[in-house]
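For reference, chains read A, B and C in written order, and residue numbers begin at 1 within each chain.
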Amino acid sequence: MLELTQVEIYYGKVRALKGVSLRVPEKSIVALLGANGAGKSTALKSISGLIHPASGSIRFCGEAIDRDSPERIVRRGISHVPEGRDIFPYLTVSENLAMGAFTRPKSEACETVQRVFGHFPILHRRRKQMAGTLSGGEQQMLAIGRALMARPKLILMDEPSLGLAPIVVHQIFEIILEINRAGTTILLIEQNAHMALQIALHGYVLETGKVTIEGGATELLGNQYVRHTYLGMKV
Amino acid sequence: MLIHVVISGIATGCIYSLMALGLTLIYKATEHVNFAQGDMAMLSGFVAFTFFEWLKLPLPLVFCLTLLFSIGLGLAMEFLLVKPAIRGPHFNVFIITLGASIVLQSASGLIWSHDQFPFPSLFPDKNLVLGPVQTDAGSVGIIATTLVLMLILFLFFKYTKVGTSLRAVSQSHRAALLMGVSVRRSFALAWAISGLVSGIAAFLIAPVVFLSTQMGLVVINGFAAAIMGGWGSFPGAVIGGISLGVLENVAPYYFPPQIKGIIPFAVLVGVLVIRPTGIMGEKRQRRV
Amino acid sequence: MRRITAFHWSIVTAACLAMFLLSPLVLSRYLVFILNLLAIYALVSIGLNFVTGYTGQISVGHAGFLALGAYFTAIVATKAPYLPFYVILPMAGCFAGLIGFLLGIPILRLRGFYIAMATLAFGVVISQIALEWRGLTHGDEGFKVTSAFIGSFVFDSDKKLFYLVQPFAIVLILAAHNIVSTRVGRAFVAVRDSENVAQTLGINLSWSKTSAFALSAFYAGFAGGLFAYVVSHITPDSFSLTISIDFIAMIVIGGMGSILGSIIGAVILTGIQQLLGSLPEIQMLIFGVSLIIFMIFMPRGISGVISSLATATRAGKRLSSEQEAGEKGA
């Protein structure tokens, strides 16, 4: 469904992504792993249009999207849940969700909101509260819910577990699985490699801007180098 | 007698509030400061004057045409001045608007001269008696117009999709982009609305102080009002504006008359030194 | 290729300096007056650069410090006529600097925009006081300044004033150059580039910002004193908001954060002023348009363009190296 081919991205003179190629098959969950500064967020930003690649191509459902504006890309069906959640702190939960449906027809929003509240009942309880007053876990749920409002075919998630308590992380990952089962493809960046590989189908490891290892999730879980470097296990 | 003074003070304050609202709007949506806000009103005033005096068009038509012009002016300024400098520090845009202020003033001086011109008021020139209070139709008209405009703006921002998207843009550009909102269009819209507000302000200011190229200096009162009320806050802009207007009108009764000119500046420095967040204060913390 | 050494440069500089200092012998009185005015504006411009160019705090009220220095000088010269100018001028500078310091303490802890507004208000309040406090300043009638003197020699003509103004200007410019080359100057730049990082480097933020502000006020005040002697009759409208904006235009066009930039800016603006003096409207229009155009296309000003060209030429002479250093991202 999503295909990056030899994508090169520069921040000024610094080469952040060096010929990165990856594929996300439809209806799957793909994990993108790597240390800080490896280029994971950059890869996501290039997909959602926040940055444009210097060379290489990004194709979504067969069409090239590497020159599209973020607006166009949302309309094509890709939603991006950015790192740090980035919810609108002075809008209510409902208004945040409404913003998620910005590109969708008005009539649809009602039904989608119900679905989102179905995934996240707590958001329904807090729907009139200012989003900035929610806890970290609730904000993460809001961010994901907001992305769902656009009825995307593909969701990009940047470190959903960051800064959250383990119980909450578990909840979030359950919901990610739910969303995937309902038919949405997911590309997931995670530092918590263990959890990510539990739910993902495929995985890619990025190191200093290059893909160094790729394969099925179970393969990666068994890979010595991955176990040592990213899963914190003694070899 | 004092009530009469307070009411004119409120009316003057409403004008300051309008200036402050225009400034706050652009600041909240784009994080830029528009020093030329007052001069936009001045130019709109001169355009209205041209329609009225030279083309002899009826006042209601002049009003509508001028507002169209003001909106266009806001859009033009955003396109010519802000868009090219958008990648630089905010300081740059502030200086650019400083330059725009100078350009607008001198261009207007060249076209219409620096003389003062009488300007027709939207409201009849008569005194009103409301119960025990004696005031004039002009002041009441200004207050009423401002209230209506504020109500419309409030409804727009709170309940419309576009208005909410502007609020969203002011809180996070990145998140707004990811929702499919065009931040570019939002900027243009903010400037367009600000232009509209300054156009309306022109019709309220010019009849009172006479139309002249120096009319734009009212922006400084607008800044003082916005800072006093709490920079970055819409209710603050209104509260600050009205307080400043009342203060200015009442002070000459208790202090030497020269003080009137200094008041906005003294208030500005005073507020910044004592309580920079003003009355309503901006809630955002600085992220390190 | 013949190498141009430092020795060559110093000969050229000395020659230029000599020509400059002897110029009153050949130039008209009017042109000498212009050169005096230029020196004064260059000093204010350099001062403003300490605050804005180097420390990144914007001051829209520097005409206020100019006014403080000018009126201080005028008043003291009248009330204490036995004091020579070389005592009064530094006092004027210190007076302005002190006010700058006191103003800076509460104001500089605020964000940039607030500082701009506060300094704007300050500048206007000073010019209003100059206008209204007639007893002290003679209001809009203006204040006639007693001429400077050494012993029985009186500086009562523009050509004589040249030799009062320029030596001070040269000394102050060299001092400014020294300041920005030292630790103090580098601290200023660090503050501008990132206040947070500067703090982690152990730079005392408020001390840096306040001393930059006080220093710039000193320069403007000193220049104000010189201004008082040069125009010999000061009125409040020489210190209006418009003048403060002119100073900003100088550092924007000339280049912020650069002494050379301040001087270039002063030259260009004074030049425009004199060329278009009879057409004040067109002059203002050109100022405004220049401000906009420079901010959009050349935000680092003319001196910025010059230094970019210099760097590009030097870089072109070096071999280019592999650029794989420093990965950024994710």
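General observations
Methods note: a contact is a pair of C-beta atoms (placed from the backbone, for glycine too) under 8 Å apart; a residue touches a chain by one contact, two chains touch by 3 or more.
What you see is a predicted model; the values in this text were computed from it and never measured.
Of all chains, the one whose mean C-alpha position sits at the greatest distance from that of chain A is C.
Averaging Cα coordinates per chain and for the whole protein, the chain whose average falls nearest the overall one is B.
The distance from the centre of chain A to the centre of chain C, each centre being the mean of the chain's C-alpha atoms, comes to 53 Å.
Between the CA-based centres of chain A and chain B the separation comes to 42 Å, rounded to the whole angstrom.
Distance between chain centres (mean CA atoms), chain B to chain C: 33 Å.
Shared contact sites, meaning residues of chain C that touch two or more other chains, are absent.
Those residues of chain C that touch chain B in the shared complex are 56, 58, 60, 106-107, 110-114, 116-118, 120-122, 124-125, 128, 132, 196, 245, 248-249, 252, 281-282, 284-285, 287-292, 295-297, 299.
Listed in rising order, the residues of chain B touching chain C in the complex are 33, 81, 84-85, 88, 90-96, 98-107, 109-110, 220, 223-224, 227, 231, 258, 261-262, 264-266, 268-269, 272-273, 276, 286, 288.
For chain A in complex with chain B, the residues that touch the partner chain are 48-50, 69-71, 74-75, 79-80, 82, 86-91, 95, 98-100, 102-103, 106, 146, 150. Touching chain A in their complex are the following residues of chain B: 161, 164-165, 167-168, 171-172, 174-182, 283.
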